[in-house]
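The next block holds one structure in the form of structure tokens; read it before the comments.
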Amino acid sequence: MSTSATMQGQPLPNLPWEQRPAGCTEAVWRYSANPIVPRDAIPTSNSIFNSAAVPFEGRFAGVFRCDDRQRVSRLHAARSDDGFAWQVEPEPIQFTCDNPDMEPYVHGYDPRVCWIEDRYVVTWCNAFHRYPTIGVATTTDFKRFTQTENAFLPFNRNGVMFPRKIGGKYAMLSRPSDNGHTPFGDIFYSESPDLIHWGCHRHVMGTSRPWESTKIGAGPIPIETTEGWLLIYHGVLTSCNGFVYSMGAAILDRDKPWKVLHRCANYVLSPQRDYECVGDVPNVVFPCAALADAATGRIAVYYGGADTVVCLAFCQVDELIAYIKANPQ
Amino acid sequence: MSTSATMQGQPLPNLPWEQRPAGCTEAVWRYSANPIVPRDAIPTSNSIFNSAAVPFEGRFAGVFRCDDRQRVSRLHAARSDDGFAWQVEPEPIQFTCDNPDMEPYVHGYDPRVCWIEDRYVVTWCNAFHRYPTIGVATTTDFKRFTQTENAFLPFNRNGVMFPRKIGGKYAMLSRPSDNGHTPFGDIFYSESPDLIHWGCHRHVMGTSRPWESTKIGAGPIPIETTEGWLLIYHGVLTSCNGFVYSMGAAILDRDKPWKVLHRCANYVLSPQRDYECVGDVPNVVFPCAALADAATGRIAVYYGGADTVVCLAFCQVDELIAYIKANPQ
Amino acid sequence: MSTSATMQGQPLPNLPWEQRPAGCTEAVWRYSANPIVPRDAIPTSNSIFNSAAVPFEGRFAGVFRCDDRQRVSRLHAARSDDGFAWQVEPEPIQFTCDNPDMEPYVHGYDPRVCWIEDRYVVTWCNAFHRYPTIGVATTTDFKRFTQTENAFLPFNRNGVMFPRKIGGKYAMLSRPSDNGHTPFGDIFYSESPDLIHWGCHRHVMGTSRPWESTKIGAGPIPIETTEGWLLIYHGVLTSCNGFVYSMGAAILDRDKPWKVLHRCANYVLSPQRDYECVGDVPNVVFPCAALADAATGRIAVYYGGADTVVCLAFCQVDELIAYIKANPQ
Amino acid sequence: MSTSATMQGQPLPNLPWEQRPAGCTEAVWRYSANPIVPRDAIPTSNSIFNSAAVPFEGRFAGVFRCDDRQRVSRLHAARSDDGFAWQVEPEPIQFTCDNPDMEPYVHGYDPRVCWIEDRYVVTWCNAFHRYPTIGVATTTDFKRFTQTENAFLPFNRNGVMFPRKIGGKYAMLSRPSDNGHTPFGDIFYSESPDLIHWGCHRHVMGTSRPWESTKIGAGPIPIETTEGWLLIYHGVLTSCNGFVYSMGAAILDRDKPWKVLHRCANYVLSPQRDYECVGDVPNVVFPCAALADAATGRIAVYYGGADTVVCLAFCQVDELIAYIKANPQ
Amino acid sequence: MSTSATMQGQPLPNLPWEQRPAGCTEAVWRYSANPIVPRDAIPTSNSIFNSAAVPFEGRFAGVFRCDDRQRVSRLHAARSDDGFAWQVEPEPIQFTCDNPDMEPYVHGYDPRVCWIEDRYVVTWCNAFHRYPTIGVATTTDFKRFTQTENAFLPFNRNGVMFPRKIGGKYAMLSRPSDNGHTPFGDIFYSESPDLIHWGCHRHVMGTSRPWESTKIGAGPIPIETTEGWLLIYHGVLTSCNGFVYSMGAAILDRDKPWKVLHRCANYVLSPQRDYECVGDVPNVVFPCAALADAATGRIAVYYGGADTVVCLAFCQVDELIAYIKANPQ
Amino acid sequence: MSTSATMQGQPLPNLPWEQRPAGCTEAVWRYSANPIVPRDAIPTSNSIFNSAAVPFEGRFAGVFRCDDRQRVSRLHAARSDDGFAWQVEPEPIQFTCDNPDMEPYVHGYDPRVCWIEDRYVVTWCNAFHRYPTIGVATTTDFKRFTQTENAFLPFNRNGVMFPRKIGGKYAMLSRPSDNGHTPFGDIFYSESPDLIHWGCHRHVMGTSRPWESTKIGAGPIPIETTEGWLLIYHGVLTSCNGFVYSMGAAILDRDKPWKVLHRCANYVLSPQRDYECVGDVPNVVFPCAALADAATGRIAVYYGGADTVVCLAFCQVDELIAYIKANPQ
């Protein structure tokens, strides 16, 4: 179960890592000490989950979703030396914005962080006129965050940047939605010359196998490989007791990422452990970020468990791509 | 985190009590040996939860919700020496009623018990012509219960008496509802000259912060303090997997209790332990009664966990009021 | 098709009247010049319908529902010399209220007017904290209207007074509802010693035959007869294209009006004419008032057509009661 | 009922026109010979409605919605000498598109046409991957139509261009939607440097008065006046029998059109005539286009009746603006 | 617009008939004096519609749906000399049944009548344990009707027999449903050796073009032609104001009727006249029966208008088949 | 708590068995080492549950539901020496079918297996034209499975055969359904002369007590006793957080099994253990099979836990029947 696929990109020797447990044959395996961030890691938090981590100045930084005890979703900056243990800022991020015509930031959730060119771009589900759409901000130090124009009109969620320009333009995946617990959702691709105006929208992929039959949404920033963009995403099944979120994987074309080259028919991780099945929202595995080491092909995936805690899972890029190809749709 | 607020009322030296655990900074903390009543405490019960306790003849008595194995909700009398260990009557309460025009009692749930003047008034969600509304009965000995007129037309739930007349009339909080798993609900206030006819209805408070954005309902009998009536209540959030019930708190005006003086933006307890997250209805914390000791300011709150078991939590009146004021809406 | 039933009450020699058309065998027949009030009878009205008329100082007065061009429902006073031609006040009624704890009147709809003892009592569906419930006011001159306490908690509609005390108390029919286009609804009976506090609620009748299988609601003030109270009401059927409102009739016990003595299995008028089938809400016949002449047994029913116009229909009390008995449920 | 407001723009001496009927005091009045286009004006049509007209080479041209007998929505070009009598092309428009990555045009509905700079821009609700969004095409002769990128991701409807650049960018109103008979909807404003990429989204206005309480959407191309942009739009009320579409009006700021200067609380035209109340969708008045003569201030509004036929209504710009201001929200 | 298709079957020289109006190019045209049966043709009827007619002893007989004034659906026998003017029996059919284990007949609707071998088989939507399924009865004289076993378990509607055995077994089309205003529905085929036990179920066709995108159901008994079985059916579109029922047509294989040989993309008749658009259910054309003259190829289709009246439409078999083929799906 | 009821049938001395735990007074008790089959018992399985076991050649065989990691439901054959430890075939069953008119098997779930006459009949919820209905197949060796006609039209689930002919015909219970997470459902009885054609449908029992108020469905093959057929079934309650599945029991008449002789008002097992409350679908106990030893009256019930694992429970036939009679509806 392996290919010769390799990553494009930088080595990340201090990537958090744990070997596959003896006897395990899964393409993706859990960290043995999950969850890595408990629900009450900061004094005001009800839960911490669905959070994004990136390499930063030799260590790690991130934007974390911390729901407070009003159950309002907040975005907090966080730091880590090793990618396992995180110090989450007790105060939410204060976005600055100098355009008075823009509606001021109120709150948001499910952040992603993408290094592109010379700064980190943060995207999240932003409350715009009380409606969900993709908020965008930039930072270089995880202290000052400058908010810019929302990428799209409402209603949208799960906006995920590509880590380089494609065809000379910025590129983003997103999932058009409705205003509630949206019961549908496909992944689309959009382009922008300036990170402000977006167009040339393309359909990427829709719902499919039962585990992803209700809706899907991009997860971590896509990882460029010799085979194409590795996209880890979430898929949702509706049981008679509500939504079940699992993790899936696909390979997109490097130049035209709206073309799906390979898509795994199976989920690669589904909610089975107590910290994924019991919590504020039972039965949720929700990936939001991945660290990748081009030197070894190792990937560490950060995912939310039960909308309550932050967890880690691991895989090898060649093995995961081999698994995707071995279980095609 | 404290005020000079004190309770009006009687000392209750034998109130069940456990000190705040070391290191805990919460305004409300759980009893370490929860649940105090298991689901099968009587031979016929499927679950025992959402129950009401009061001081009685130097010890304690109560009306408990015991769903039987048809999953029919029943009301049972119960006794306790210490407020922790309860003897629940194996047979449901037989209400007597000498008004042949009233529909006979069939079943009910979510009781509250209030000592007022010279008797205990029991209120509950009563099945009236198969529709939920507020049932009313009186007792002095927890053996004979005399049912009187339903307080309101359907559809209503969570009828909670005040422990003394206000403005010369009996007073009750309630939550108008629909006939199913009501997806909305505010707290109203009503008055009665005779415990039979009700009027002068006032709106008290509605849904608000995310944790209480679907509906709210009064919990224990309000506790009179120098700051106003301390109201502990439940608030409901709708996740993609259903309702989540948490506990909140507010202060109402002593003379015009429909005026909300303070309301806490945060929940004060939310479902986080296994006995609150796993059971017949996952993710439910539902307070129904409180014992209070005016001498010490100690309060013991009885609440249902996961619609399955009875639990206890504790707080100090001055600390809780300080917390409410420190986290205003 | 006749009984010896006669009305209790006063003669009304100037009752608006038109003989049954030749060849017609219906118990209830339409006025040949319907509608009697067009949708734009006042400059600001979008529609005028579901309105109440009473005898007044030898002529007629009423409270009319006039939806304005915001489609806000308003209540307007109206006068008529003959019961056919109406002068509707161009300005809505300004209710006065001297109780500062009551929420001020905002708007309302579907009025009924009842003469009892020494004044007219107006009831309507009142917006109380934005929720529907039964508003109550009194007038003696159709110029000054004094609003008093809402009769019930939300949610309620179609509150209809009885024209005399029953068992020493005021009596009202109503229909507990929800907050939208309620898809259910039975008629209940409530009593009050003071027109303020209401209790002793009784279930009167529920949905039944297909034409009334979704919900029912009382229409005009019940007419007392030697057989019991003649209740004209509306029943709603849900077709695949929405609600259809028809007119039905029943006889209630004179002393215990929650006891249904006779109930007609058939509707007595259903939407079949263009002014009932085409308009703001297609397929609506909604009775709100009736004039009755005890000397002749003649009844004139005012009803709304298609939620757009005011119409008249006629019947003889003995014939209608005979028809009810001849078509029992 | 008049202001000194005047239009910006060109005279249009051959604008179709009919004087206000004697006795009529409405701000907007209907053409006496409505409908101007019957449902079967072309051999294959089930219905023709919600269509757009513009001045063209001294006469008139347009893009019309013709649903065929599969009930598929099609866009057809049309010509008229006088704006009353229309020749609709029997064959649908064949859009050309030379970008192979764009999904080919399948079908569309509810077109608008806007002259800007040197060409007509057609916008419509386009089926993109079977989902509704705003399609965009250009034409100069109403024979060749070149389709370009969809303006937005799904789900969107009622995309309406402004007739000149604002702040140096193209500008469009639209209504984010869902994938069905959307039960919600506000108007937003978006900008583009190139008619391809869109951003700087602003909220313009939401639902409001009862007649527009479910959703709203822009109608004709806004008309520039000395008071601001005159926006005629549709608002939807949900009765128990479905949606009712009426016509409303507002004034937007000339430089920042997301700022609403005036908004009329009343509808200006609602479905009351048979050709608006009876048809494929009862009770629909849906404006899509307006011709305006700057010399006289006359406006002719094209609107769909009952989703079945094309109708005309008329107004004077000064009178309409006066009416808007006289009936403020 | 014609083929050489001819019918299999008997001549019917007295078939009711009216030539296509001058200028009309439709494949199916309406009778100029529609409706042929008014809603009140019998004293107790609210409406008469969705009814079945067959040749009988040189004249015509049928089973008619008469909803009474309870809005209960009843089946009534009817006779006609010419197929235009009908005498409907004032009393509903009394089905006899000698199997005490069968639930007795309560009521039913939407009948079809099929002559096969030596008797007429009546099928209808039968209330079985209050659930809809296909009732079956036989008659030879339209006076005595013998009910036999229901064909299927609930929930089913629109059971339509074939007029001869196919493959040695009786054959029926039906539409599995739910218990309400079913929002889905495909046509299936089933076989029986004995008219009691049914099996070998086959899927025939599902929803398709917009006019038939919600559900479809067989209409008249299929007409055998040299091209296959001509199936006239209804298709339903869901507008924002409810269901719209139109008439469609298809050709099924003569030996394996679950194989669809041709299916018309267009409806062949849709609700456009007042008697189809205004009534108890607006916008309904519902075909239930057809008379066919093999000598001339003439077909007379009986259909319900607006769930209120009985109407007639006409076509020529060769022209209709040509139209189906000329507008293929 | 016992009767003299005894089973009809064969001894099964190697039935898997564990004595009632000390102190337990329940009629049905759990196996102490539940679950007996974990979710990942085969390499490709997401979960294994709702499975059927039968005696086979002195040991045991079965048909098991294994959802794969696409979350597609598959049927797998399985073998066991002792009824506790199972070897599940890693590959799904390949049904053979020589009738080309039948739609080929795609997938299925919730199997039952019944020995009748000379072969095992397997029934399951079969995807027929993507709709659920009762699939039927036969086997003698659990290697070759021959599929025959679906028993019914869609929509149906939980088809359960009787183990002998009744009144000379095969007999099956089933639950007519809809196409989703059906919110209703009663048990019906049907007969067949040939296992192909089904008719003489009878209503057996509907929803009832709260624990079974949403829908019910037959579980294991009924067990014949001197008191009648012992039917173990599932009942569903809808909480505000979804469906809760419990196990119930009833006694049906031996000759006319649609007659319910006794029905237990209480559930006999409800989800209370972690393996029943936490998993892919929380709160599910779903019985599918039972082994019975006529010599001792012992019964072993196989049931699914939380739609994730296979569990065992035990009872004595005389005690269970006594419990049913002691707790009548």
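Order of writing sets the chain letters: A, B, C, D, E and F. Residues in each chain are counted from 1.
Methods note: a residue touches a chain if its C-beta (ideal position, glycine included) is under 8 Å from a C-beta of that chain, and two chains touch if they have at least 3 such contacts.
Since this is a predicted model, take the numbers as computed values, not measurements.
Each step here moves to a touching chain, and the least such steps from subunit D to subunit F number 2. Common neighbours of subunit B and subunit C, by the contact definition above: there are none.
Distances between chain centres, each the mean of the C-alpha atoms, put A farthest from subunit C. At the far end from subunit F, in terms of centres built from Cα atoms, lies D. Checking D-E, E-F or A-B against B-C, more than half of the residue-numbered contact pairs recur only at E-F.
A comparison of the C-E and E-F interfaces places the larger number of contacting C-beta pairs at E-F.
Computed centre separation for the pair subunit B/subunit F is 42 angstrom, with centres defined by C-alpha atoms. Averaged C-alpha coordinates put the centre of subunit B at 56 Å from the centre of subunit D.
Mean C-alpha positions place subunit A and subunit C at a centre distance of 60 Å.
Taken residue by residue, subunit D touches two or more other chains at 241-242, 278, 282-283, whereas all remaining positions touch fewer. The residues of subunit A lying in touch with subunit D in their complex are 101, 103, 128-129, 131, 133, 149-156, 174, 176, 178-179, 184, 186, 188, 190-194, 196-203, 206, 256, 258. Of all residues in subunit C, only 39, 43, 46, 68-72, 181, 241-243, 278-283, 307 touch subunit D in the complex they form. Put simply, subunit D touches subunit C in their complex at residues 25, 209-211, 213, 237-242, 244, 265-267, 270, 272, 274, 277-278, 282-283, 327.
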